[in-house]
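By written order: A, B and C. Residues from 1 in each chain.
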Amino acid sequence: MTARRRQGQLRERFHQAAWQEPLVIHTGQPGRRGMLLPDAGPEIRAAAGDVLSPVPNSLRRAEPPGLPELSQPEVVRHYTRLSQMVLANNVSTSLGLGTTTMKYNPVVNELLSRSPKLTELHPDQDESTMQGILELLYRFSAILAEVSGMERFTFQPAGGSQGILANALMMRAYHASRGEAEQRDEVITTIFSHPANAAAPATIGYKVITLYPGPDGIPELDALRAAAGPRTAGLMMTNPEDTGIFNPRVAEYVEVVHAAGGLCAYDQANANSILGVTRARDAGFDMCQFNLHKTFGVPHGCMGGAVGATGVQPALVPFLPSPTVEFDGTRYYLDADRPLSVGAVRSGLGNIGSTLKAYAWVCAMGAEGLRDAAHMAVLNNNYLLQKVLAIPGASLSFAATNPTRRLEQARYSWEQMAAETGIHTTSVHDRMIDYGVQGYFSSHHPWLVPEPFTLEPTESTSQEELDEFAAVLGRVVDEAHQNPGIFASAPHNSTAGAPVRQGFKPAMTWQAFEAIRDTAGT
Amino acid sequence: MTSMVGLIVNPIAGMGGSVGLKGTDGDEVVRRARELGAIPRAGARAAAALEELAGAGLDVRLVTCAGDMGENAALTAHMVPEIVFRPATPGDTSSDDTRQAARAMLDAGVDLLVFAGGDGTARDIVEAVGEAVPVVAVPAGVKIHSAVYAVNPRAAGDLLVAVLRSGSARTREAEVMDVDEDAVRDGRLATRLYGYLRVPDDARLVQAGKVRSRSEDATADLLAAAVADSMEPGTTYILGPGTTIRRIARRLGFEGTLLGVDVVRDGALVAADVGERQLLEHVGQARSARIVVTPIGGQGYLFGRGNQQISARVIRATGFDGVIVVATADKLAALAGRPLLVDTDDEDLNRMLSGYIPVVTGRGRRAMYPVAYPRDER
Amino acid sequence: MGDPATGTVYPYIPNSVPAIRAGMLAEVGAASSEELYDVIPASIRLDHPLQLPGPPLSEYDLRRHVEGLLASNRPTSEVLSFLGGGCWPHFVPAVCDEIASRGEFVTAYHDGERSMLGSYQAQFEFQSMMGELTGMQMVSTTTYDWGTAAASSLIMAIQITGRHEVVVPASISPVRLREIRTICGPTATIRVVGHDANTGALDQAALRAAVTAETAAVYVEVPSFLGFLEPGAPVIGEIAKAAGALFVVGVDPSSLGVLAAPRTYGADIVCGDLQPLGIHMTAGGGNAGFIATPHEDRYIATCPTLLVSIVPTVHEGEYVFEWANFESISYGLRADSHDFAGTAQTIWAIVAGAYLALMGPQGMRELGETIMQRGAYARARLAALPGLRVAFGGAAHFKEFVVCFDQTPLSVAEINAGLREHGIYGGKDLTADFPELGKAALYCVTEIHRRQDVDRLVAALGEVLR
């Protein structure tokens, strides 16, 4: 304890790597190469002859593609430099990225996931040759079944949004099996649920009804009663919502929807607070999805690969995406012969590398560890909450009307600070980076909370990091009062200068950028 | 790329406040304010906003009016403006000067118009230039009911800088509101909608979210398309005021009445800008009828403000279920959790309409939103 | 249930030390962390401790456990495998593994165009290089896989044209077709057009009949799922365009060092999978889709993935990269419902970019050539086996080809079982999905297959079929 970093000490001279690294396509010299291809050998070449001659002219490449020509060390240095210009979770705490659950991603899990025993599997291998991974998937389904109270899980969806899509597809398939698919064309969700809860059902043709929060930040039960009826296919909601507020009457919501004949899907994107505490089944839900890349320690990979593990109650098992992993007592196998299944949402077995990491995380934590992680995440959040609210001009959303504890995250507002200083939440976000912490997440749209920011420390953040983060926020607010000019082009100690967007059009490739520039120049 | 910014200061705006007057609209009031020793403050507030711009190091041409109507404020902020309008009687400017100045700025080709004033000033600007040019409004008046104003001068300057720096052409419509003189005569305090100005969509507020957001304009167009496409043949539709509703009219192929009520059937305009009596006739003759309304931003009034033509009798004749409420999710969010309001002169109807109402927010999308009626106001 | 009483200190939980925990609880004014949960009513509390395997595992025990499970896998690296069909065995350069395992890339999310400059730049570089390969100027970020990219491309066409029918070839990957059906759902009516049994050429008469004023898109794959190269691609594109439909082409990018950029034969939208570009198969976990189009508002506005754009900075010649601002594009056709893009497969875009930088134009050409040479050799050797027939003999092929076993008494499943005993994974069984081909299997040959490997397959097949 004596060696503890002084409370709230800031990294005053922090500077991120700023390599001024050119685009890879502008580097190298003609003739260089980074790889030698394995030689086919004289017999093959002789037997094959001119393989391009049978190719129709229109399909033959006339010009070589304009790829860079680089030696191997140049490639390695380039990408290593790029990697150094990423303020990743392994580099600095990302606790500000609320709703994203940026917990520690154990290094050993990376190592395990790189085993050729996993990476060199082909999805169409005979089941007898991949018993190991099938057993792992089967076991992990049982583990998540216990964690959620559901019966079975699929790991095919390659992200939370796809998990939600799978839930919506199963709702439709379930109602179709009862001849009610046409009649039940509405899905109900809440505004503080992840936007995919509205977007995914809409994608497959559902009409979507959104419930807005009442004064306490919780969607009103009466609004749900007004919305639910014979056209209701189901309810898709997150709990706790992205505000960190837990809806204690969630079971009544489920009852209302069940009474109307609908199904209920629990988006467990924020499950990091409730592992081992309360479960989807305890609240009566028919299905749920976990984001393994959030709650179960799987890294985000700059936005994927991810897994939206999706689980259902027994009655809905026939509708799960195909194939499912089955066990007949002696061997594990894939079952694709499931006539009621919603079909495939992704090829292969999903992102099994990520699934394996999640499984390993659970094994490393153990049953009590899951609950301890949840408890610690909630404690960390409440500790940070107190520090943040001590900063002048910061407030907690719905604080006056809903005094209940926020669980694993909290949505705050800079409304007062912004009114006093003219500095907005987005400017605070940019300036924080100058002190070596990743900027925070504001809020999904629309912004019901003005000048929002959402923090989620997870269980992986140390007390020192929580103190440091709060101190950074405090410093930045001081600056908003004393030195607002500093925000104009912040961050100053990051990788590059401020973007100039005046008169600029988006360009997703260098070719497009040049074309736009040339047009503008003439 | 040089941006041209226009500046108009209503020098007398806000003078009444310090001496207990409710605004400075009308020559009498201004004289009275001066007699009471009121101090002009609009110039200083405009200068405060301009200081943000002056310090930002952007490539900007500032054009303004002579003297107190802008020039002095610009000089205070250490900016050298070009003069494009000179009031006939400096020191005694009127709302006519504001309107003329605004037109002069438009002719000069400004990219953005900054003005300092209150609700009356905003009414002059909307009358002169409408939605032809985006505006940044510096609050300096006594009455600020209009949604066009920034929260304070510094925020206005800040917004100005952010917009010019980002090069964003995104704007949204904001209401110009003012006290409803008719209501005041009836002994009620109510505001009325006078039109819409285009204000920049604050680029800084559009942080790279996890899920990309669309501009309010684009969202409102999609909403209008969804409503227009869902109209049933043979049904008479009463379209209320507001830009959201006007987008529906445009989608159907005609220019709706922004501040009035139109009647539509089978995708065609049947009657424009009609009053209560005609509405009752149209509804009476209709096989079936619907009312399409949008809440007035910020306050959330569905009925009883700005659309009194759609009276309790019209609503009753149409049928309680015939009311279609439309609003973008952003507009609902701007209500900050406050319910939608109905304030017709029919208490029973107010009661019937309160509770929860589906608000159409997009194609196949609705919000279930609370509706209340303001009992306490009476 | 009181506080977790174990007092366990977890390596992944810094504040699990009892003294720290106690201090923090005191600061938040709670006697126990249980108290922090008082908002959750007892009626929905879990009423028992989770019934999960064992106490926390040490890292050593964890490795023993997981590696023990994986040990019973027999991956393709331990045998000789000819499985392809959407997930392909290629050589993965060590540099790609190095880049893919950088903790900075692995553990980052996406927030902040400057604090995350490196990952955004890698993403943009990838897009620019894919633009070169496909001949397009607009390239998306990743989708989950080729199937989702294809489905998204077709939905784009539906939105752009305002029509609802799409035409796909009978040779399309069955899994991809299932994904398209699932994802497009009721928004698309799918018509299937067949092909010539010898050349694989799409039946143009049937295509002309299928393409109507309701057609939003004609989709083909080059190479096809069955391995042959569509000889009539430019004509198919013209037929589509003449009817006002878009021409959508699915590609395997490992072919694009030797095969034409699809834009040159008329593609309006290109989609495909990145997995061949330096990404391990991982039973499909290595798949990642992409979409490429001309740089036009109608495509940019309807592309359902996040888009990353280059932006100049205040310093001459310096750039940052950020999510493109779609709001500046006035394009009204965008449906409300296809915009829930989120986490996809970004890490693989970074790796694929590194792969392309490593290979360069020379490497990509040699890759394409050697795949075709080895494939030609394998086809010739297999065709010479009695009882075997290589289908679509009149077509040029890339990477894959169909072997028919109709003359043999065994089923493909039986043949593959026999091959497994020789340490060989035979081609993907097509019998159920392509009944018109009879007893058929899809064989995949890439740069990793040597002459001796093919010879071993031929010998083993000879024995199995004897």
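We adopt the following convention: contacts are C-beta pairs under 8 Å (C-beta built on N, C-alpha and C of every residue); 3 or more make two chains touch, one makes a residue touch a chain.
All of these numbers come straight from a predicted model, not from anything done at the bench.
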Which of A-C and A-B has more C-beta contact pairs: A-C
Chain of greatest Cα-centre distance to chain A: B
Chain B and chain C: spacing of chain centres that average the CA atoms, whole Å: 49
Euclidean distance of C-alpha centroids - chain A vs chain B, Å: 38
Approximate Å spacing (C-alpha centroids) for the pair chain A, chain C: 19
Where chain C touches two or more other chains at once, by residue number: 110-113, 306, 322, 325-326, 328, 336-337, 339-342
Per-residue overlap in chain A, given as positions that touch at least 2 other chains: 100, 195-196, 199, 202, 205, 429, 441, 501, 504
Overlap residues in chain B, where contacts from two or more other chains coincide: 168, 210-211, 364-365
List of chain B residues in touch with chain A within their complex: 1, 3, 52, 55-56, 151-152, 154-155, 157-158, 161, 164-168, 202, 204-205, 207, 209-211, 213, 329-330, 332-333, 336-337, 355-356, 358, 361, 364-370
Residues of chain A touching chain B in the complex: 99-100, 188, 191, 195-196, 198-199, 202, 205-215, 220, 222-224, 226-227, 418-419, 421-422, 424-427, 429, 441-448, 450, 485, 488, 501-504
